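Think of it as A, B, C and D in the order they're written, each chain with its own count starting at 1.
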Amino acid sequence: MKRSLISIFALFISAVIVVWSVPVQAADEIKVGIIDTYSGPPSSYALDVLDGFKLAMNKINASGGVLGKKLAYVTRDDKFKVDLGLTSAKELIMRENVNLLVGTINSAVSLAVSDLAKKEKIPFIVTYGKSSNITGAKGHKFVFNMNENTEMIGKAAAIGLSKRPFVKYWIAGDDYEYGHAVADGVWNHLKKIKPDVQLMGQSWWKVGEPDFTPYITSILSAKPDAVIVATGGAGCIPFLKAAKNTGFNEKIPMFMHTATELSTLRPLGLDAPEGVIGTSNYYFYFPETDANKVFVEEFRKAYDRYPSFGSLIGWYTANFIAKAYEKAGKVDAEKFAEALTGLSIDTPIGPLTVGKFDNQLMLPMFMGVTKKVAGYDFLIASEIMTIPAQEIVTTEEEVKKAREQK
Amino acid sequence: MLKVNDIQKSFDRFVAVKRANLEVSQGEIVAVIGPNGAGKSTLFKIISGHLKPDKGTISFRGKDITSMAPHQICRHGLSLSYQIVNIFNRQTVFENVQISVLSRIGKAFDFFTPSRNVAVPETDEILASVGLLGVRDRICGSLSHGEQKVLEIAIALGSKPELLILDEPTAGMSPEETFATISLLEKLNKEGLTILFCEHDIELVFSFANRIMVMQQGISIIQGPPAEVRENREVREAYIGGSD
Amino acid sequence: MDWLSTLTAGGLVQQFIVGLSRSTILFIVSSGLSLVLGVLRIPNVAHGSLYMLGAFLCFSIASLFDNSSMGFWIGLALAPFCVAFVSLVAERTLFSRLYDREHLMLLLFTFALMLLCRDAVKIIWGSEYRSLAPPVALQGSFSVFGMLLPKYNLFLLGLGPFVAVGLWFLTQKTKIGKIARAAAVDRDMVGAVGINVSWVFAFVFVIGCFLAGLGGALVAPTQNINQGMDHTLIMEAFLIVIIGGLGNVWGALLGALIFGLTDSMGILVWPQFSIVFPYAVVVIVLIFRPTGLLKSTW
Amino acid sequence: MGLSRASSKLVSLSFLFIGLLALSVAPLFLPRFFIYLTALVLLTGLLATSLNLALGFGGMYQFNHSVFYGLGAYGLSLMLIKTSLPPLLGYIVGPVISAIMALIMGIICVRLSKLYFGMLQLSLGSLVWVVIYRWYSFTGGDDGLHGVPIPQLFSSVTGSYYFTLVVTFFCMVILYFIVHSPFGRILQAIRDNPERSASVGIRVRLQQLIALVIAGFFAGVAGGLFVTVEGSAFPDLLSWTLSLELIIMCLLGGWFTFFGPMLGAAIIVCLRALVGGYTEFWTLALAIILMLLIYFLPEGALGFFERIWHGKASASGEVK
């Protein structure tokens, strides 16, 4: 026992000494702590966000920075794990003394860090977490969402689908919060707009399901008019691939939220199925405005690839941060949060405003259909229909109701 | 005291014990002999509950113990010492015996007394009686083979049995160790312990046992005092005079 | 409960066939795992990583040939051998010294290998999803009596029996198979009669890993190839081996059939809770047959 | 011999005392992040120690220990969120739920040996995980429960640290007594030789079952502490990869020693928090550590030190 205690001590104390070195804090810096998943499959999304952020940050710093200070960032990898995300967030706040937190593609991490941000009074800007609870039921003064949320997806998809002739639907999706939230959102709103729709049945598979063939064949034997597929980022690609392999997309039309996004279609190359209906908040080829062309040009010059929606999120997140600090007039968490609420900036997809009641960014949605087009080695969206932000954002009453239910 | 009736046991197609009968009375020293593969070890494992017989019954002091689990049989006062050394390798000699004592005195679910203070005199007494007190605090993996065999017996004694079953207690021992072990067993028998054992060393068996049972190919062919067994023609042919 | 009315005989058959083709893959992979478990006594957690490696290698080889159909066939043929070679190196350098360790140690050691493989894959192929198209001849589906039967799944289904017969031949008819089976029962005995057990073990290990690589290469066109592949598969493969009986190759076949079919039938009958089925089956089997359905070599 | 034993005991006790003293004044000197990290180390250490009761001392392949950890965390969180019962009751309710689950799973698993035991436990644990993961209305599904209303007193970093320190200390004392009690000795006997244990009258299955329940209970306590420190409970807490990490902690520290798992937890948690956030190749580091360990230090770090110490003792006094 004696020896064991001594050795525990020796090791623990030496470990503490080794890691003692507190990072040096430059005084003329605004430090952004970015927590995201930089390993495993979701990392491609996280890296898009980071590249967009860097692009905008470099530009801001080149033109004099914010309030005379430079923007800087540090990243931490949460490995898609809540506990690691929380530890990293605490480390960033307590040890790195960051001014604000940005990040996380994982909604569970977003919610956990949001709770911490509330306690520590540090602004937290969610970049890729899509749960509507982040700014809805669990929203608070210091949390902001720069991404579309499941409620918005539901409303947008319902509006788009109601214009199509389908009546009998089947719902299939990833068996987790995001999948169910999207499915419920689409279905409830669709039912409201077009009361004669019928739900024939549902299939739910576990997250990371490797083989979708049995699910697809079982849906095929039910013969619905259309299928609403509610898969999250990781599930989209294999599902689309299975749909192509089995010829599913030729038999039954299907809607999938991110199906037309670049991050989904690029890895599939020309193996992606055609004719899939999808919504997205951004295409590098749409809207065909000058601002978008400039952004795509700059992004391609810096990283030699097309920007995805993630890249745009990163880009405007950095711009929002800069603008909010300027509006606040000083580097102060409370003032920053107040300034960011209701703030508007110009972006490649037009002016965007952070919601006044819930701190949710009001984003328009584009619905398109996948198609092979000469000149690209992946599929792109065609027949694009714009659903304006006003029609899909959460209303003040809805936010109030969600928060009261807590 | 112990009554074994028509026990049968087979593994897959191989019949290890075909028809075994055995009776042991209080205070006796009974030996089971027979050539290799006669089914002696299997019989002992059936009696101690480690194997379930296909057929037959075993009763111990009037109680049917045929379908009991090993630990229940042990609690009825029947203890087995193994042929191949089967001890708690990672523990000290003292702890090996203490485990058995703790289990007997019902301390298995005592969570808060430091175990080095429990059952010390009883354990030391057993160690002293078998002559292992000198190596009390050694990790038993480091003992000699003979010492480990004695420790086997000591562990069995820890549960204070009325009937001690020994599977080849002197196998692999030097002559001196064998002699010491036999005198230890004789001493224990004088103190009232009934002993059932099997052994290869025929001379030893005939000089030491009160009664002998002979097994051949899974069948108990005769049971009786040494002289009677020695006279038996069947035994002579099959075992003593014949094979080996 | 509208969906019940949509259940048709055709749908059932279709689902059954798809389930069987999935069982084929599970069988190929878990029989390899079972072989290694039975003969070498290594609970090889890294088996899933070799499966993943097989898929990635098949992808890379195919992309050397511009993702043509020929490229896929070459990849399918070569990838398992590459995996087998990697495993041979691993066996000779890493495992051969650890055979007499406790199972838990071996399990943890292979877990470390699994982590290592995952990072190696990340370094070599990056963390993006990879995708490989099936050869043109096997794309799409057959329509038979209104059933939609994916061609690739039928191809897998046709392949299963060959692998099973091949394994049967290898373990029952060849000399090395017989030695391996004897070694599974009593290692020392085989060593005592003058056979170099070490090389027999190496051979069995390599065969097992070859099967993992083959499974990986075969699934490459049906799913996305990514770093998470090993994780899901290894759990399923272990459960299959456990319900089949540790080390029993035929148990792996039985287990794979049960697992694959309950999975696909569960999806048809009770889609909302299909996630629970396989685990529930394993629990039920183990409650009633604690050491698996068939005789274990342990 | 007696004298040196007494003095060695004195030395250990004084070390323990100094250690406790250092830990209890640490918040005065250490930056906040390290206080938080130490709390995390302590509770993970308690969790690993509870696992080691089943794994190292009981010899049972407890492959899904984190299930009990997660249940303890969820038990406490749900009680705090959904009911208005006194909060401290939750610290009993959580562990009791874990212990009950350990009992149920134990009854099913305990008759199997080694790898079968581990695998059955893994599948049963997966079922529990699925229920937690899917039951959105009650457990919050895969998003988990966040912003658990921890009593004011322990909700700050320092408050939760002291609470963790006190609870961990008492639990470790209890576990120490259990391991060194007759119960613990017999448990170790079963680990070393179950057959022989049965033949000296030990009820092997019952003994193992009780050990599993105790281990489950203390894992639940650790789960409650986690919620106190982090304010969240989520399905990751029940995942089998966490369970494997716990086994690595036990192995790293040495699973035949009492304090080994605590040391292993300290090393892994610190490495994970400080290296894991920076590099994406943290698992690579873990893998290499694990492989080296298995090759060169199969008894773990503490086991190695103790063997050296033992070796010296036997060289001077006794025959090897």
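One rule holds in what follows: a contact is a pair of C-beta atoms (placed from the backbone, for glycine too) under 8 Å apart; a residue touches a chain by one contact, two chains touch by 3 or more.
As the structure is a computational prediction, the values presented were derived from the model and not from experiment.
Steps from chain B to chain D, taking the shortest chain of touch contacts, total 1. Graph distance from chain B to chain C, where chains that touch are one step apart, equals 2. Comparing chain C-alpha centroids with the centroid of the full set of protein C-alpha atoms picks out D as the closest. With centres defined by CA atoms alone, the chain at the far end from chain D is B. With centres defined as mean CA coordinates, chain B is found 72 Å away from chain A.
Taking each chain's centre as the mean of its C-alpha atoms, chain A lies 36 Å from chain D. If each chain is reduced to the centroid of its CA atoms, chain C and chain D end up 34 Å from each other. Counting partners per residue, chain A has 39, 43, 175 as the residues that reach two or more other chains.
Across the assembly, chain D contributes residues 134, 280 that each touch 2 or more other chains.
Multi-chain contact residues of chain C (touching two or more other chains) are listed as 122, 275. Counting only pairs that meet the touch rule, the chains in contact are A-C, A-D, B-D, C-D.
The residues of chain D lying in touch with chain A in their complex are 8-9, 11-12, 15-16, 19, 30-34, 36-37, 40, 133-134, 136, 141-144, 146-147, 155, 157, 230-232, 234, 236-237, 257-260, 262-263, 266-267, 270, 272-274, 276-280, 282, 301-302, 305-306, 309. Chain B makes touch with chain D in their complex at residues 48-50, 69-71, 74-75, 79-80, 82, 86-91, 95, 98-100, 102-104, 107-116, 118-119, 137-138, 142, 155-156, 158-159. By the touch criterion stated above, chain D contacts chain B in their complex at residues 177-178, 180-186, 188-189, 192-193, 195-204, 207, 210, 256, 318-320. Only residues 43, 94, 97-98, 101, 103-105, 108-109, 111-116, 118-119, 122, 235, 238-239, 242, 246, 275-276, 279-280, 282-283, 286-287, 290-292, 298 of chain C touch chain D when the two sit together in their complex. The touching residues of chain C, when paired with chain A in their complex, are 2-3, 6-8, 10-11, 14-15, 18-19, 21-22, 122, 127-131, 133-134, 139-141, 147-148, 150, 152-153, 219, 221-224, 226-229, 231-233, 263-264, 267-268, 271-272, 274-275.
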